Each structure stands twice: as C-alpha cells, then as structure tokens.
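Dropping the structures in below, format is structure tokens.
After this come two complexes, each holding chain A, first together with chain B and then together with chain C.
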Partner chain A sequence: MVRDAKSRLQKDLARMSPEENGAMVTTPASIETQLISHLLRRAGFGGTRDEIDRFSKLGYEATVEHLLNPPSVESMPQDIIRRYHVDQSDLRVQPATGANWIYRMVTTNAPLLEKIALLWHRVFATGQTKLIQGKVIVTQLEMFRRLGLGNYRDLLLALSRDPAMLMWLDNQDNHNGAINENFGREILELFSMGVGNYTEHDIYECSRAFTGWTIANTPYNTQKMRNNTARPYGYIAWQFKYDDSDHDHGEKTFLGKTGDLNGEEIVDIICEQRATARFIARHLYHHFVADEVPVPQWPHVPPKDPEAIELMADAYFSSGYSIGEMLRATFNSGFFKSEATRNARIKSPVEVVVGSLRLSGGYEWPTMDVYDASASCGYMGQGLLAPPSVEGWQGGEEWVSTGAMMQRVNYASRIIGDPSRPGVREIIDAVCRSGASRDAETLVDECLRHLGYLELGVETQREIVEFARGQVAQLPQGGVKQRDEAVERAVIAVLQLAVATREFQLA
Partner chain B sequence: MTTQARSRLELKYLTTVGFTADFGGRGFHLPVDISIRNDGRIFVMSRSSPIATPGMRIGIADLKHKFHGEFGSFGTDPGQFTRPAAIAINGQNHLFVADDSLNRITEFDSKNNYVRHWGETGDKPGQLSGPSGLVFDRTGNLLVVDHLNHRVQMFTKDGRYISQIGGSGSRRGQFCFPWGIALGPDGRIYVADWRNDRVQRFAPDGEFIDMHGKSGSAEGQFNRPSDVAVGADGFIYVADWMNQRVQAFDSEWKYQTSLRGQATLSPWATEYLAANDDERRARESFKPVIEVDTVDPHEVSARIESYFWDPVAVEVDSEGRLYVLETNRHRFQVYQSSSS
Partner chain C sequence: MAKKRDRALVVIQLSGGNDYLNCVVPYENGHYKDARPNLKITDDRVIPLDNGLGLNPGMRPVKDLYDRGKVAILHGIGYPEPNRSHFRSMDIWHTAEPAKVGDKGWLGQAVRELDPAGENVVTAVNFGNGLPRALAAPGVPVASVGDLTNYGLLTGIEGHRQREQALATFNRIYAPVAGSGAVMDYLGKTGQDALRGAEILQTAPQKYRSDVEYPDNPFASSLKGVAQVHMADLGTRVFYTQYGGFDTHADEVKTQERLWSHVSDSLAAFYQDLEEAGRSEEVVVLLFSEFGRRVKDNGTGTDHGSGGVAFLVGDQVKGGHYNEYPEIETSALVEGDLRFNNDFRGLYTDLLEDWLEVDAQPIVGGQYEKLRPFVSVSTG
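The block that comes next holds the complex of A and B.
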C-alpha cells in the first residue's frame, strides 16, 4: 500500500514536468521575470514579488553576478540570536544547531552562500548523531560559506583539516603503521572523483598520506564523544592538529605519482583529475539544475545532460578549480534557462521550509518558531546537521514519500495561511488593495505573483480558479477594495491552496 | 558622596563552582544570572534550552562547593518561568526573577516559596517588554531593565510603578537593548548598554552622570557588555560578553585589568571524573590551553575549557570577591580583589 502510494506520488510529481503537463501557465510576467524567479528559486530559496521585480529591473546576468558576489552579507546578527536563545551560543545539539542555520537561511541577503553550504553539507555529510556536539559542524558550515564558491582545492584542503570531518571519518585513528582508511576512501569516493576512478591501492596510499592529521587533545575529546557527555563543563570545540611524529613519511604512489606525499599533495593530485571536475559538476547540476539519479548509481548511469557536465568541467579547469565560475557558466547557460529545466526539480525540505518563511516573514526578531522550522525539515526527511549517512541525502525522488508530502503541504499551508506573519499580512493587504478579488482569475493571478510568480500547470490553474470562483461568489458586493474580513479569508484560502499545489513543491 | 577607587586593582583566582546539569540536580544549565545573599548563599538562574526545560531553575550553592538545592521550573503557572533572564535579592532576602518572555517579575520568599508575580506587557510607563536586568536600590525599590523598551523602570517591590530613565537611542542617557544593571556603594546606578557597547552611570534619582566605552576589543572598549558590578571599594567590573572577558575600571573609568578566565575543575567535576574512570584517564594528557587557529573570541573560548565562554553576569560580594558567571560552561569563576 505504502509503496503504491509512493509510486503514485512520484508519478504525480513527474507529471509536473512541462513535457507531460503541457506548457506551464505563467502568471502575467515577462520572460525576464520568469527567469529571475527561476534563478532565485535555484540559487536561493525563491524570491518575494518585490525582490523579483527589483532584480528584473537589474537584468538576468546582473542578478547572477549579484548572487555570486553579493555586495554585503547580512543576516540576523549572532549576538541577538545568542542573547535570546542561549542554547544557540554553545550550539551543543539539536534543535539549537539546525535552528541557528534556519535563522541564517531565512534572513540572509546572500542566499547563494547558504545554498552552496547546503550542497557541501550534503556532499561532505557530517552528522552530530556521531559527533554528538553540533558546534564543530556549525563551524564547518561557516567554512563552506567562506570557501564554498571559491577554489575547490582550498575547499577540499580545508575539509581535510576540518576537525568535524576528521572525527566523523575516524582519522584520529589513522596512524603511521596502523592505517584507518575511512577518510582516505571517502575523500576519493564521495568528495572528489567517485567510484571507478581509482584503485584500492590508491585508497591505501591516500590514507597513509593523511596519517597525523588529527585534532588537539585527541584522547580526551574522543572519549567525551564516545561517552556522549557534555560534563563537566560542556563540550570543547575541536582544533585541527598535524602531528608530524605520527605521519607516515614513506614513499607513496597515488594515481601514478610517487613521492613522500602528504595530504596537501594528495589534494593537489585529486584536483587535477578530469574525474573530479565531472563529479563535482554532476553534484552542482543535481543541486542547481535538475534531479539526477542517486549518487551510488552514477558509476553506472550517465549524466542526464553530459554536455552540461562537460561545460561545467571545462569551467572548472579554465578557472583554476573555481566553483563560482562553474556556477556562473551554469546560470548563464541555455540548459539552465530552458523551459524544460524550470519548475522541474523537486524542492528539498529545507527549500520548502525556508522558502515559505522568506515569503511569510516573522523573522525580523528572534522567535521560538525557528525550532519548529528546524524540526519540520527533519519531519520532511532533511534534518539539518543530521544526514542519514556519509552519503548525505540523495535528493530528487528521495524527498517524496506519503508522510513527507503531507508534511510539506501542511507546513507551507500553515505558514502562508497565517495572517499574523508580516509577509503574509503584506501580501493580503496588497491583494486587497489591488482589487483583485473582483474576479477569480485576477485574484488567483495576483496571489501567484506574490508567491514569487508561481507558475501552475493548466489543470491546476483551472482547479484553483474554480475554487477562487466559489470564494469570490461569497464576497459582499462593492467591498472588495477594503480590508474586509471576508476578502481576507478569500485571499488566505487561495494562497493556502496555491502553496498546497504540486507546483509549489517544485523549484 | 562618591566612593573613590584610585589605587591599583589586583584580581587573584580563587575557585570555580559549577557542573553541567541539563536536567536539574547539582550544577547549572546555561545560566544567565547570579546573585549572592547576605549569608553567602549563591543563587544561579539557569535559563536552559527548549529541549531541556527541566534544566530551567534556580540552583543554590556556596563557596565551599556545597549544593543547597534548587527551585522554580519551566512553565507559565505562578512561580514558573519560560525565559528567565535575571534575578535579584532584596533586604528581606526575597528573590525576584525577571522573565523576558512572560514580561513578569516573580517574587520568592527567603525559603524559596512563591509569593507573587506582577508585570504587564507593553510600552507604556509601568509596562514591560523583555525585562532582563534587576537590582534593588538603597530604598528597597526595584530597578528593572526593560530592554525592548530601551529603558530602566523603577517599581516598588510589589510592582507599583515609580519612574523611568532612558529611551531608545545612542545619545547620553539613552539605551540600545540594555541588559545588566548594578548599584554602586554610593547608590549610583550602572547600566550595561548592550548594543551601544558602553556602560552608563546615573545618580540615584536617575540623572545621567557619565558613560564609558565604545565598540571594539582594545582596553576599555566593549563588544556587547552584558552586565556590570561595582565593589564596595568603587572598582567597576564589566562582563565584556562578546569579547569573552571581564574588564575592571576604577571609579573614574581608568582601566585596571582584564580577565580571560582560568577555571579549574570544581569538586563536583572532580567527583564526576572519579566516577568515570575512562574519562579521567583520557584527561590525564589533556592540555587545557592550546594554540588555536582562530582569533574569534567566541570560538577561542569554545576550544579552551578554562577560558570564559559567554561571561554573562558579574557580581561582587561583601568580601570583595568577584563572581563571573559563564553561560556556556555552566559554572562561575571566583576572584579575590585587592588594591594597592
């Protein structure tokens, strides 16, 4: 039964692609506006009507540049957050850690930095389920923001020195003469080239090169982690330490290169590989362009768009391993802007939650609502800082299950249907002021514009207009331009139905 | 009369009291304020977290590391709190708790029994929005830092409004989300003007006297000062919260010294390690102070256990001992002041 239901849902979602659902019915908006809306959904968490209109005046390419190089990076200040939520200062465990990130994602004016951090959090999945303390993963996320759009070598090297990653993959147990291959294997399999591009011997040599890469005060910090104890004085955030006396200085041969290789040289060699460029390109494609098959299938299933992958891989090499340049090439490409790409990727739970909250507002000041938001991501299958395994979340159809779909729809409907939230209040007031509730089609169009120029399929559009017609029929004659409770209820009802559609589940 | 503190101040580390106790019992959890009763009992307000609400309570200890129990709990019923922010003890040894979410002040008697609560939400005179600091003046009236209204209000101990000082802004006498408050030995009022990165001083009648500090991390500069305390000798101590230190000044605001913290294991911590031999043995090679690759004070404090980590409140007792309460380490460090 459950499998049947899931299968139906998956087919249902697949039907949302333009090829099978006919052309999307767009709200009255220029193609530029539609593209900006698409870009903000992919490179961020979607835009409000005002944001999309503002960027439309700026132009598409200028918006890409703005996202890649934000003139300022601002979000709710940490001092404010820490004062009100004292548990978000030591960031020991959930829900504090996830909530802290939610604040950042909802209030940032540089959403691409959060989107790229989300990608690396998925690819370099590190979880507090094992590490116990969340603080070190939050610090890792900060590193993703700082380096995530930059040079991939810098990112991979920082990751190799990241205490959370080292402990996550047991590299504190990787000693000269007693090799632990966990990190050495994953840096090749999951973080750079993917299965099939190296040998078991390369894994062994790679692991030897990372001996001595550990954290300070290893015995005590490891014991605290294993005992899952914050006693006596809370956790001690970990600090990277290179212990040369524990490093294997012997000769190693890795991917055909021989020498007394240390971790830095290994990262250099990894980054030179075409396989690395393709693997990273495929991750970027999966995250920003279109749902791919789960990563474990990549060695056996070719990319959905091999030309796109090669274009991105070329950008990787021509820019000296720049992730930002790979994304610039992607966002300005035809495949990214194509109609087939738009509204065809299943939103992750975090995109559903954060996108709803950025529309609804209510995060101008600390709020306990942030814990509900973080927990909701988990209920939908994407608990922040708690990936299910070292492979992170696969995304795409993985997000679709009967329970998760109910959570997604209910969450968006609850948030967007709450007129006490300032963003929702503004939408209601704007729709009321516009007089759009005089007829069903105009009311629906106006609501969709305020939901980030949400595009609906023909069938959905017809159904929601039909629903709106029933709402409009109940409104008092002549009172539609004023703040009238009946009009407000009608607007809220249409907004809630719009975010309950299949289309709202897509980016 | 003004108490002068012109000689040089010295602070000597005495001890650390505390232990992580998320769900109650001997220790504290994310404490935010401390108050010392005239019999030496030390009251610590644990704010705790949304998932560890049993950790929200007032714990009682003394300097000999004896734990004297706890009272209060999470909730909205009388005697409960949802986001406790400050405590203060009056001349009758009644303890008052400010809740910055419920906007109310709760009174407990000297035996920790609930007496009453009062407070009304709003921004009119006598109403509260985010009470976050408490101190009794010399006449027994309660000064309440009403931080979201950017002011300090004076009430009788049973909640009758008397007067107010401040208002939103950065000019003299104005505040930006003030937090802690203290009374000097001469009755002058000191307010940690949190987001203006300064401390302001007022006469007992509320008239502005002077202020000190600006944003930064150099001597005499502050990054979100959360509390202030004044010793009987007039020395002023400021919890320089985001700089993760405590700075001391004489009564003329001349910089004296700064503390970064040097906690040792409390007997409660030692007992814990004795009962968990694997951790005790693992700790034998533990180096508390290590070289770190960051300059962010918050991050440095996260990595070095003996340093202050979110030193949120400071108090001075009648013996000149300075107490520094740290939220993220669930403890307070004690220093003996002396001047020469």
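The block that comes next holds the complex of A and C.
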C-alpha cells in the first residue's frame, strides 16, 4: 500500500513530539510559526498548515536538525511508479525522467535532499540535449542526493568521475597529447572557484591532470551509435573508467603546486582554496537565502551579504568542507531568519509546481498528472534535466517573464482550485467547518493559514478581503449548509486568488 | 493600398524531422528508387512539379500555391557538422549557434530590435504550450497562447462573473506599491504586462470577420489564431507555432502524407483568409524542420539524417527552387545522409534584414550568403 509523504511525515513527527494536537490556530501566526514556514519554504517546498503547526511545537532548531538529518527517507516507491508508467522503468528520456523526479519531490519526507539535488543540478547543469538520454543524468542526481549535503571534496570527485558529466563536457575526448579543455575549464569556472582565481595555464594543467578520465567501453557505445541514429551513444548506463595509458604523467603545476598531478590531487588543491569556499557559499546563499545577480557577474559584483558568505566559508573549513555544516550555520543565522530575507526570493518554477502539489495532495497513487507537472516546469523555464546551457539556470528575476508569469499564476490557481485533490478538499472542508465563510476577513485569514501561513502585503490582503466580501455577499442569505456549493465556490475562488498573488511567487 | 502596415513573419516548426526525400520527391532519380525500396513515392502518386521533382501526395494545396508562384523551396538546408539529436538540432535552429550551446533565440533577439523598450507585449506571439527557445531573450516579453479563444490569466476560475472579479482584483494587487522594493515592482509590472497581453489578444477573435473555413485540427486553429491576431493590427511582427509527429521511424508513408495534408490544408486556408482580407502582402511563412532523414529507408520508415528542406510561402515570395537538390547517390552521401549545401543562417539573414528589417549579423553570428527570396525588398 502506498502512503503519501504527508502521512509519513506525520508519523515521523508524531514519533518526535508526543503532543497530538491538531487544534486550529485562531490568532495571527506567531513569529515561531512564521520562521518555521520560512524554513520549510527554503529548505523544502513549503509546508502544509498541519506540517508547520507540528514543526512549530518541535521548535526551530530541532526542525533544522530534522531537515538536515531526516529520521527516514521515503517517497513513492519506484516499483509502484513503474507498475503505472512503463516509460519510468528504464528512465531513458523525457518526459519519464522529469516526471520521475516530480514524484520524488512531491512525495518525499526529506525535502532538503531534493532541494540540494536541485541546487547541484543547477550548478553542475547536465542536459539531455547533448547526451541524448536521461538515464545517466538520473544516476547523477542520485549521486547529488547521496553526497550533496556531505563533503565537497567527495562531491567534486564523484562529479569528475560521473559519466554524464564526462560526456557533457567532452572529457572522453581529453587525451594525453591531445588536450580537450572543456571539463578542465568548467571545473574551475563553474564548479569551484569562479573566474579570476586561476590562470589559463592552470586550466591547461588541470585538463592534463584529467586525461584518461573517461567512459568505459566506448567502442561498444560507438557501435550502438552506428546502429541507431536516434541514440548516438546508446541508452545504456555508462560507467567511469580511468585509463592510465591515456593519462598524461608529465610534471604539472597547478595553483602553485608541482608534481605528476592527477585528478584527485587537483580536486584536493581546489578544495583548499578560500575562493572555492566563497564560491560555493555564494551558490548556497543564492539558492537558500536571497537572489544574487547572475553568476557570470559574480567576479565583478560583490556578494549581497559578504559577512554571510564569510560565515559560510568559515563553516566550510572548520567542518572539513561539509555542505551540511554550511547550511546548518546558515539556517541558524540571523541573516537567514531576518524579516528582510523572508518572502523575498523569487520561487523557481519547480518550487511553484511542487509547492502547489504538496499543498493540494493527490499523489497517494501514481497519476498522469505528473507529466503535466513536469511539462509545466519547462513551460515556466525550468525543464528538468534540460538546462538551457552549461551555465544552468541563473534564477532570480530571470525566472519571470510575461509568459512564465501566466503559466505560474494559472498553474497554481488551477491546482489549488481543484476540489478533487484531497489536500484541497481538506482545506475547503476545514474552512467551511470553521464557519469562516460567513465573514470575509476571517475567510481570507483562514485560507491563508491553510496555504502554509501565506503572508500577504497589507494592500494585497485588503484587496483580497474586498474580493471575498463580494463573494460572501453573493451567497444565499440565511443559514448556510456546510457543504453548500456556493460556499465552496467562494472558498475556492479566494484560495485561487491567494496563490495568484505576487507574494505567492516569492519564498 | 491604405496605410503601410507592418510586415509579419510566421514561423512553422515541423517537429520530429521531416523527411526531405519524400516531401520534395526526386521521383525520376534512380538512386532515390534504389534507396527507398519500401517507401518510395511512386510516379502515380507523386504530385509532379518540375525539374524531375514532385511533392508528397498530401501537399496538393502547396502545389496550387507553387503554381501561383507563392512558394520558395529551399533545398539542402542545414548547418556544418550536423547533429542528429532532435533536441540539439532544434536548439541549433532556435539559437543559430551550431558550435556551442546558445541560450538566446534568434527571434527573441529580433523582437528586442523591433521593440527595444518592450512597449508592446504582443510583438511576438507563440501559439502552443511553453515558449520555444527561438523566442526567448532576456527582458523580451512574448505572449504564449495555448488557445486564443480561451486565453488569459486565472483560467482555472470557472464562474464567469467570479473570474471577472478576480481579474479586476489581480490587476489591483499587481499595481505598484510604494516602498515594496525592486522585486515586487518587477513582479507587478510583469503580471500587469501578462494581463494586458491577454486583454489585447482577447480582442482579436472579436474583431475577426471571415468566411474562410479552416480544417478541424489543432494546427489549423493555431494558424487561424495567427490570422486573427494579425488582422486585429496589434503590432505583432513575429508569430510562432509548431506541428509535430514527423519523426517517422516507422509507418512513414501514411504518417507523412497525413501530416502534410493537415499542414497544407491549414496553410491554404490561412493564405486564402489573408488574401480575402487583402492582407497577404504583409505576411511571409517559413516552414522548417530540425533535420531531414536517412536516405536509405529502414523498412517502414527512416532514421534521423541531415540535410533538409525548408519553404517560404507568401505573396511577396519569389516562387521556385533555391539551391540544388543534394546528390543522392551513395558516394556523395555523408554517413548515409544528404550533404547540406545551404546554411540556414543565410535564410535567417534574408528574413531578418529584408523582411523584418533588423540587423542580422549579431543574431546569426556572422555573414552568410542570402537566398534573396523576396519579390521586392524595401531599401529603408
């Protein structure tokens, strides 16, 4: 029997907090509640009212620990998914690959693992466009989940041996005596230090050190290519191979260190650099704290909050390169919790889509809806496993265009306005039960609480109350039945409008 | 003629890889017959054209337009080092960047030249879900329409009155709020632009008067939408739409004929519609596909190949053949595919410089030989 993540999460929480109390909060959200909902939006995809209430009882720091070290990691089981979707058995191509990740993100009880995988997918952006298959990227994403919160050296080394990455950046064409600098350049520019912290000569030496880091069995892959023009490298799961006979064993000098350096030593030297710590910190900041300028501008524009970057960089060194420790320091910091930080980052398309689906429920069993969700991410500009270039997605304001805005607004309001989804049904019933539907202000308050304690600006809230007043006024006079259709329509319209706000576009 | 109206470019993407050899058919060529034992289009079925070439049986309306001199057939089109991946090859056509992964669309960049301040939110209109890379460029507003008759914000709100009220509220809650910061301002402007675009485009079907009957398929609806928006004079200069299914690894003969009959019938209706309204001089249609297909068939279909064909259709198009049909004999092939002889960036240069009148070089990244397919070119 499949259980959805919500119930698993509740189980986990019940284990930790003996208090079983689902009573409704009728006062404005406390600061603790606001902080918890902020944390869940940033370290996950936002919480339902129930999740936020329960975590609030647990307390902020304990919630941080829960997210960093989830007591269990579960999502909809792959065997159940495969039973419904044949194409998700072998995960060769879109739309199977993207849809499968949507299942993970919507049903997981460990959302930070997906959030960190999304970050590394953005930074180490690898796409099906060039590889002509998604299976190897699915494997790469699994590696991001496994190592993404751990030691950065382990992650960077695994990335350097990742077949999808090797092919994406042509390292199989990087030979002793015939250097291909693509990977050697990007590991420095995009994956660790950023422009300005090394020379062209360092790139060359770094590339030499990665000669012989290749994909196993390429003649077989080439044969597959001849046999099938549609799939140039075949759909098989490629394997890493280190070919010592193709490795350049000559002396190299990289960032001042000299010797017969191999890829491992290069990664060691990279990880020792303060520039690496700062660059990774800035990426974490951009992903979890506040929108930064696009990455290509980083060498020229100082960080938004240099102190925050230094704090995270210190955590990097004091913990022996631990990403998880950098995040712990971040989540518990004043700058993360500050009012200026909250509700100020533009949600990525995946956050809009997955956040809406986690609120609305309906993923207890596999559903064709998952393909629409994955495609919608693409329509909004974040096609999973399909980054626009090696530089990934820049995010921030670049997420938003008129077309994307329409998609975002229409998607969220369509999902949240669908009473056949169990989560939406629960919200409508709860709002109706509370009797809030008789008074516009209470109705809006109640709806916002159920949308993960969504906070609106004063003007926005006033307008939505005004709208709700119009809806309530149109209701039949006298005693309203609990599940009266007209009442339901009014509640749904308020919910739909609430997720159509600017505020909902922010995390 | 009344006041000079802006010209519009309509781009039709035939997704999946349209088989060149069975689209513009060298039906008298022995090498063609040899390479296509299972799916050659026989003399009795082909629509004869000229020069030993004929059209796919599904393309009768295209033949009629060709006879009137309105169709340019652009042979052997492609780019160096052909890529046989759908995604990558389409990307290359969208960004005009064969050598590296580009992120800016050629049409998006053209729109920025046409409307540098982004004043008209409907300078470019895409019909279909999502935004093709071709139209994407930072800061360029593009309206993307699924279905024109049902286009707008908050389409998930069912009650008409309720939705009208919600849209009025939407407009107010996206209005600038003093001191709310740059991000809120940007979101507000974009939201209002989206709403404005939807409101503008919604007027098009209301203004539209026509007796032309379009075929009943989604592609025809898109083209009808293009006609409606163009005739509503909303300042739209670039239209984009696509029709898929050309990836004919199997069952090619039936499939390709069916697809082309949808495309041709719709195109003919579109052309007639413009003509009857006296607007056909203002519009040029480009039809392209990401690649052609293997010369040798695989039994019931063909695999991905290179070297393809594109078409320009319009009143201002000089009809006829452009460039040579690439050699089909085995020794002339590149890895079993036609050798392209016509860089698509030359065609883009024609369209950008002589039709949309914007500087082509920065967009296509260099100078490419033009085909000069237009009857008259303004010297402005």
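By our rule, the second predicted complex is superposed on the first by the 460 of 507 C-alpha atoms of A that agree within 3 Å, B and C clash if a C-alpha of one lies under 4 Å from a C-alpha of the other, contacts with A are read in each partner's own complex, and residues count from 1 in each chain.
FYI, contacts are C-beta pairs under 8 Å (C-beta built on N, C-alpha and C of every residue); 3 or more make two chains touch, one makes a residue touch a chain.
All figures in this text were calculated on a predicted structure; none of them were measured in a lab.
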Open item on the list: Per the contact definition in the header, classify A:Met368: touching chain B only (first), chain C only (second), both, or neither.
Closed with: first
Task: Partner chain in contact with A:Tyr453 - chain B first, chain C second, else both or neither - done: neither
TODO: Between chain B and chain C, point out the one touching more chain A residues.
DONE: C
Open item on the list: Just to be sure I read the superposition right, which of the two partners does A:Ile132 touch: chain B = first, chain C = second, or both, or neither?
Closed with: second
Open item on the list: For A:Asp87 in the superposed arrangement: first (chain B), second (chain C), both or neither?
Closed with: first
Task: Which superposed partner A:Phe504 touches (first chain B, second chain C, both, neither) - done: neither
Task: Contact residues of chain A, present in both the chain B and the chain C interface - done: 229-230, 232
- [ ] Would you tell me which residues of chain A are touching chain C in their complex?
- [x] 128-130, 132, 228-230, 232, 291, 344, 346, 375, 378-379, 381, 386, 388-391, 397-398, 400-407, 409-410, 413-414, 417-418, 457, 459-460, 463-464, 466-467, 470-471, 489, 493, 496-497, 500-502, 505-506
Task: chain A-facing residues of chain B, complex - done: 18-20, 22, 30, 32, 47-52, 83, 177, 179, 194-195, 224, 226, 241-242, 263, 265-266, 268-269, 272-273, 276, 278-279, 282-283, 285-287, 290, 292-293, 298-299, 302-305, 309-310, 327-331
- [ ] Please give the residue numbers of chain C that touch chain A in the complex, ascending.
- [x] 84-85, 87-88, 91, 101-103, 121, 126, 129-131, 133, 138, 140-144, 153-159, 162, 165-166, 169-170, 172-174, 177, 180-181, 183-184, 186-188, 190-191, 193-194, 197-198, 249, 294, 303-305
Task: Complex contact set, residues of chain A against chain B - done: 79, 82-87, 89-90, 93-96, 135, 139, 216-217, 219-220, 222-224, 227, 229-240, 368, 371
